[in-house]
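Two complexes come next, and they have one chain in common, chain A, joined by chain B in the first and chain C in the second.
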Partner chain A sequence: MWTFLRRRIISSAIPLIVVIVGVFALARLTGNPASLYLPLNATEQMREDFTARNGFDDPLLVQMANYFGGVLRLDFGVSLRTGEPAGEMVLRAFPATLQLAGVTMLLAVVLAVIVGSWAALKPNGIVDRISSFASMAAASIPDFWLAIMGIWVFAITLGWVPTSGVSSPTSWLLPIAVLLMRPFGVLVQIVRGAMVTSLSEPYIKLARSKGASEVRVVSRHALRNAAAPALTVAGDLAVGLINGAVVVESIFGWPGIGKLMIDSILQRDFAVLQAAVLLTAISIFALNILIDLGYAMLDARVRPTTRARKRRVTPAAAQERKLNVQPTR
Partner chain B sequence: MSSSSSTSANHKFRSPRSGLVGAAIAAGSMLILSSCAVANSEPSTGTTSADLVRIVLPQEPPTLEPCEANLTSTGVVVRSNITEPLVERNPTTGDLDPLLATEWEATGDTEWTFTLRDDVTFSDGTPFNAEAAAFAIDRAVNSDLGCNVEGYVFGDNDLVVTAVDETTLTVSTVTPDPILPLRLSFVEIVPPSTDTAAKVREPVGTGPYKVKQWDAGTKLTLERNDDYWGDAPAYAEAEYQWRAEGTVRAAMITSGEADLAMGLGADDGAGDLGLDYPNNETVALRLTAEIAPLNDIRVRQAINYAIDKQGITDSLYQGAHIPAAQLVPEGIVGHNPDLKPWEFDVAKASALVAEAKADGVPVDEKITIVARNAQFPKVSEMSQILQEQLTQAGLNVELKMVDTSAHLQYQLRPFVTNEGPIALLIQHGNQAGDAAFSVEQYMTTTGAQSVYGTPEFDTRLTDASVLTGDDRESAYQDIFEYQNEEIVQFAFIAHQTGVIGKAAAVDYTPNSSSGDELRLAEITPVS
Partner chain C sequence: MSTITQTVSESTVRAENKLVLDVDGLVVEIRTPKGTLRAVNDVSFQAFSGRTIALLGESGCGKSMTAKAIAGLLDPVADVAGGEVRLNGTDLARLKPKERRKFAGPELGIVFQDALTALNPVYTVGTQLGEAFRIHHGLSAKAAKVKAVELMRRVGIPEPESRVDSYPHQFSGGMRQRVLIAMAVALNPRLLIADEPTTALDVTVQAQIMALLRDLRTETHMAVVLITHDLALVAEEADTVAVMYAGKVVETGPVREVFARPHHPYTRGLLDSVPANIGRGEDLKSIAGSPPELHNIPVGCVYQSRCPLVQDICRAVSPPLEPAGDDRAVACHFSKELDNV
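Up next is the complex of A and B:
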């Protein structure tokens, strides 16, 4: 396992560097931010001063070398917009996003497993039809519209929750409810599909014939085998949430990384943008490793033992394994 | 057969089921615990108390640095609340009112002398005197900090500032400047202990409030400065929050979560709680009058006739905006009250285009309307209407929506030059109260935001800039008339009206500068 982790970390470092270099170069291709930060009537001299003061007049490679030198010392530069260290701003915003995304995903997974399994018990039954319609709708409604309607109904008309902000525990309800919709909708469909397949497998019949209770059959036997595809999709959805609950954060005034990132893009606040991208990229790589580990727990075939990795799989052996193992997706 | 049961031979993993469940529980409880970190800042919902006024802004101030206070997002919090200038412009009368200076006069061609109050201290206890004023002006205007206010009101010109005695200050310029006191109304006074090597995020000033707490990203609280030299303001504390969406800001007023909501649009939903006020912003198309077909004045006139200004105002802004005939609205020195907006006449527009075409002007050449996303409410709808109306007049028009940074490349020198004729949708706000601030930028041949001019027009502009009193007023009035008759670099659309949401529990009357400088002392509880 440690070999696996080490390898994953090393192989993750390369895309990480590519991402950082890419963002660094692309951001600078959008032009000098001088006109955004200087008054409209700034003179040529003032523009030159600004450019020099912020090091934008150095060749791109020199700027990049300086930046990476700083990153190694954990110095991420200073925000053009606020004058604060970019690292501080990003670290301040990230937990807010992580909490929102974490709670949302946890709820989405739990709810989707319950609804999806229930629907799969009787394919085309009434529960299945309702859940299929509801999950389709949940996955398709734009979050912008949902957020505004949510505010209108629950904050203004009913007065149950605050419109926005983070001032009270109830302010969590609307953003989470809005964010929850898409992952929930998608996951219900995945769980339902995998469960329908699982429940029709011979080992379920075997379990039932042994006299296992229905709860045990569903949770212990079927769900275990249906969990792997759901986990993969849930991982992707979680990455989406961490990366940018931009719309939801903007509307609800949630002080998270998505809002910070979009503001830094619009304001060409390079240092903050780079720090934010770096941090989200690292966390996404970490998340992916966690997903792989979770996957390995669920499915022995992808378990990274040293022996398995060293052994060259012959076509015949692969064929044999295919025939040998229970189907998963 | 089952290769994934908990009896798997691989001992490097714990029982998968218990492992997963355990991890999920651990993750869940951690998240819920950590969520308290954000959630348990004290609740600010509930009823309004006379001790606290709650304001919601469109964006968090990037900084509270006073030398950047001419930026709306900073100035709306800082100006006249935390720090104060020597003199301030009365947004209603347009006159300069005394503040930290009691009197001022020109004491030479290039020198002004200010007499300062002797009873003022900064909120950190430092006394305010001529030396402090000189320090603050030097720091904002003559330093290497790159202050925004320096470029905004003074350009490259340095000032010579001298503290003659405790309460007397002289300020000298290189060339005569009849509106120096107006320019100085943008310079906020900070104590000599303020950092001169770097900008500060939380300043000390002489104003009625001081910074209490800034939870970056979440909210900013100011508290009453008990040593304030003037009348104590009504509210003990002011709390600022920020929401990017106008509808959400309006909703916070309706739901009782905020007392004032800034920068609303006409249909953000504030309803009866929305107060209209003229915000001094003017919207116009700026035409690249040196690139065919816009180099023919008839085509530029046709564009003016083709735009249904009243229709745009009525359909997009519930009639709240005023169709415009010039770059500055009523209330600004130099506004010409006799100018009427170009009449809306498609037939006339088409005829002018046809006439130009007959003379060989390439009217089929593509003209690009460039507009900035989210610059003001309904900007994309307005741009689409403009595109349609110009097309009706027989022109070939394309629409391009861009972000702020890209828009500035069209707006400021050096302009984008390789995209053919451009009609740039501009929104110009004259917050200084004098037409000079507008025409220097937008009308001189070499102005930073001007794409066209003539030597004769330049002479008129230069002559007007040194005049004072009624002569100045009428010179600028003539200039606006001349632009419409002979130059036609612009197709003016509307003088805008802003909307502020106001809860029933507070009293506040917005004025033309409310969006840039929201004076907390003018907000009072309804008794």
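Up next is the complex of A and C:
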């Protein structure tokens, strides 16, 4: 278990470094911050001072080395915009994104499990057809279009919810509804497919032969087996939510990490952008590790070392296992 | 007083050779894009306590479908379209699913063919063994686990206390089949259906599993319906046999007599094909042709296309299953002539 975690964390380090290098280089392609932060009539001397003060005049490799040195000391630089430490700004924005993504994902999983399982009970039945159409539509609608339409209908025309911000509890409704569509639509299809498969497995007949009720058969025997594929896709979708937050957070003025990222790009606030991308990447790696652990919880066959097996190694059991090396007689 | 009556009635029911299962005119239909097929066509047989009846036939003859129909485990596309399945007098085919579930376990157990896939991979063996007690007796998880250990000991699984927490993939094929049998007999059912219980196992394990089933039958006086295509297995394990062909029972009777002197040309053909009955150096025999497809069953006898005795009447009239002396019955117009061929 710990070996597994350690190995995963070490193997995550290399892609993280690649991400930082990539963002570092790409950010600098957006232009010189000096032309944004200094007045239009700034003298050449003022520009050089600004550039030198922020270390932008060093060769790119030196800048990068300095940055990595900082990162190792958990110093992520200072925001050009506000003068605050970039790390603090990012950490302050992150919870808003996590809350939004967390609530959305929870809703998506719960709803998809209900709708997907229901559809799978009767393949090609009326529920299956409706849910298949609805989920396909939900997964295909572009979020920015839906967000704008949502604001137009529910915020402007009907006035039920605020157009943006986090001023009232109702301001959660539109962002969640928009973010929910894709994960819900995709997950319904995955859950349905996995449930159709597991409901036709022999162990379902075995459960029925014991007199298990339909609810028990579906919830205990089929769903637990369908959970693994759903978990994989849910993980991917959760990653998509954290990334996709960029669009939805910008449209709804949600003070999360996505909006912070967009603002930082527009303002050429490199330190904040790098810190935001780094944090997003780390959270994605963490999510993947969680998914792997979730797998192990769901299915004993993928556990690195099972407790059950360890406990069995009593002398008698070891003896018995030796006997069992040949196909059991 | 009441205890005495109970004990008496219990012992009467559990005595040897009482009628437990009475299948009468069972018809199972499958809905397919090509139309409705009759997979089981007017099948009747009886199972008695402490006895084994074998349903014998080749793949697709409807024997497994019959088993599933009795157990109420037909796939959604298949339906019981007629006939009765009386278990101790109750017609199971007429029960609502909820009522029927009360029989699954306490009255009727089924052992499935493929021990490798029939167990749920994500639960421990103990959890799955204890499930019947949780469903029917409302036991707690802890109490059900104690029962599971008992069951594992009963079917001869070594070290049950530690293996109860193992998962199916940590068991060998033979051990998994023992687990499946333990599940089927957990609540001491009166009827056990064994659907090709040893097909997936190698020969030595097969013998052990059949011995286990025999012991359990003796111990609990349950009636056993053995579904198989294995003539040797039928000869060793069963008291009576019902030979099935294309969804019909073509011959039934005590195994010894049916095998010694078959009345139906199909039974005769099967027995002639057994390699042990063929002399050294002779060619292996087989029945020419193949069974009719279910959507294309001919008028008249189902066996007409492969029968050496076929006459015009066979192509026109389907022979009914008629008594042929000594508890035997056969569905053939020319069963009397068979001995002279």
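Heads up, the rule we're going with is that the second predicted complex is superposed on the first by the 299 of 329 C-alpha atoms of A that agree within 3 Å, B and C clash if a C-alpha of one lies under 4 Å from a C-alpha of the other, contacts with A are read in each partner's own complex, and residues count from 1 in each chain.
Definition applied: a residue touches a chain if its C-beta (ideal position, glycine included) is under 8 Å from a C-beta of that chain, and two chains touch if they have at least 3 such contacts.
Since we're looking at a predicted model, the values are computed, not measured.
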Handout entry: Touched partner set for A:30, first chain B, second chain C, both or neither
Key = first
Exercise for the section: Mind working out whether A:207 is in touch with chain B, chain C, both or neither, as first, second, both or neither? Expected result: second
Practice task
Tell me which partner A:50 touches in the superposition: chain B (first), chain C (second), both or neither.
Solution key: first
Practice task
Scan A:168 for contacts with chain B and chain C and give back first, second, both or neither.
Solution key: first
Exercise for the section: Give one of first, second, both or neither to describe whether A:81 is in contact with chain B, with chain C, with both, or with none. Expected result: first
Practice task
Scan A:19 for contacts with chain B and chain C and give back first, second, both or neither.
Solution key: neither
Exercise for the section: Name the contact category of A:89: first (chain B only), second (chain C only), both, or neither. Expected result: first
Exercise for the section: Considering only the touch criterion stated at the top, classify A:216 as touching first (chain B), second (chain C), both, or neither. Expected result: second
Practice task
Name the chain, either chain B or chain C, that contacts more residues of chain A.
Solution key: B
Exercise for the section: Examine A:119 and indicate which partner it touches, taking first as chain B and second as chain C; both and neither are also allowed. Expected result: neither
Handout entry: Common interface residues of chain A - those touching chain B in one complex and chain C in the other
Key = 203, 224-225, 298-301
Practice task
Write out the stretch or stretches of chain A touching chain B in their complex.
Solution key: 1, 30-31, 33, 35-43, 45-46, 49-50, 53, 81-84, 89, 92-93, 95-96, 99, 102-103, 106, 148, 151-152, 155-156, 159, 162-169, 171-172, 203, 220, 224-225, 227, 250-253, 255, 259-260, 266-268, 294, 296-301, 303, 305, 325-326
Handout entry: Residue ranges of chain C touching chain A (in the complex, touch as defined)
Key = 71-73, 76, 97-98, 101-106, 109-110, 112, 114, 117-124, 128, 131-132, 135-136, 158-159, 162-163, 165-167, 169-170, 172-175, 180, 183-184, 186, 202, 204-205, 208
Fill in the blank from the handout: chain B contacts chain A in the complex at 1-4, 8, 10, 12-13, 16-17, 19-20, 23-24, 27-28, 31-32, 34-35, 37-45, 62-63, 65, 70, 144, 146, 148, 150-152, 155-156, 198-199, 201, 216-219, 241-245, 247-248, 251-252, 254-255, 257, 403-405, 408-409, 411-412, 440-441, 448-449
Handout entry: Residues of chain A that touch chain C when the two form their complex
Key = 122, 201-203, 205-214, 216, 221, 224-225, 298-301, 306, 308-309, 311-312, 314, 316-317, 320, 324, 327-329
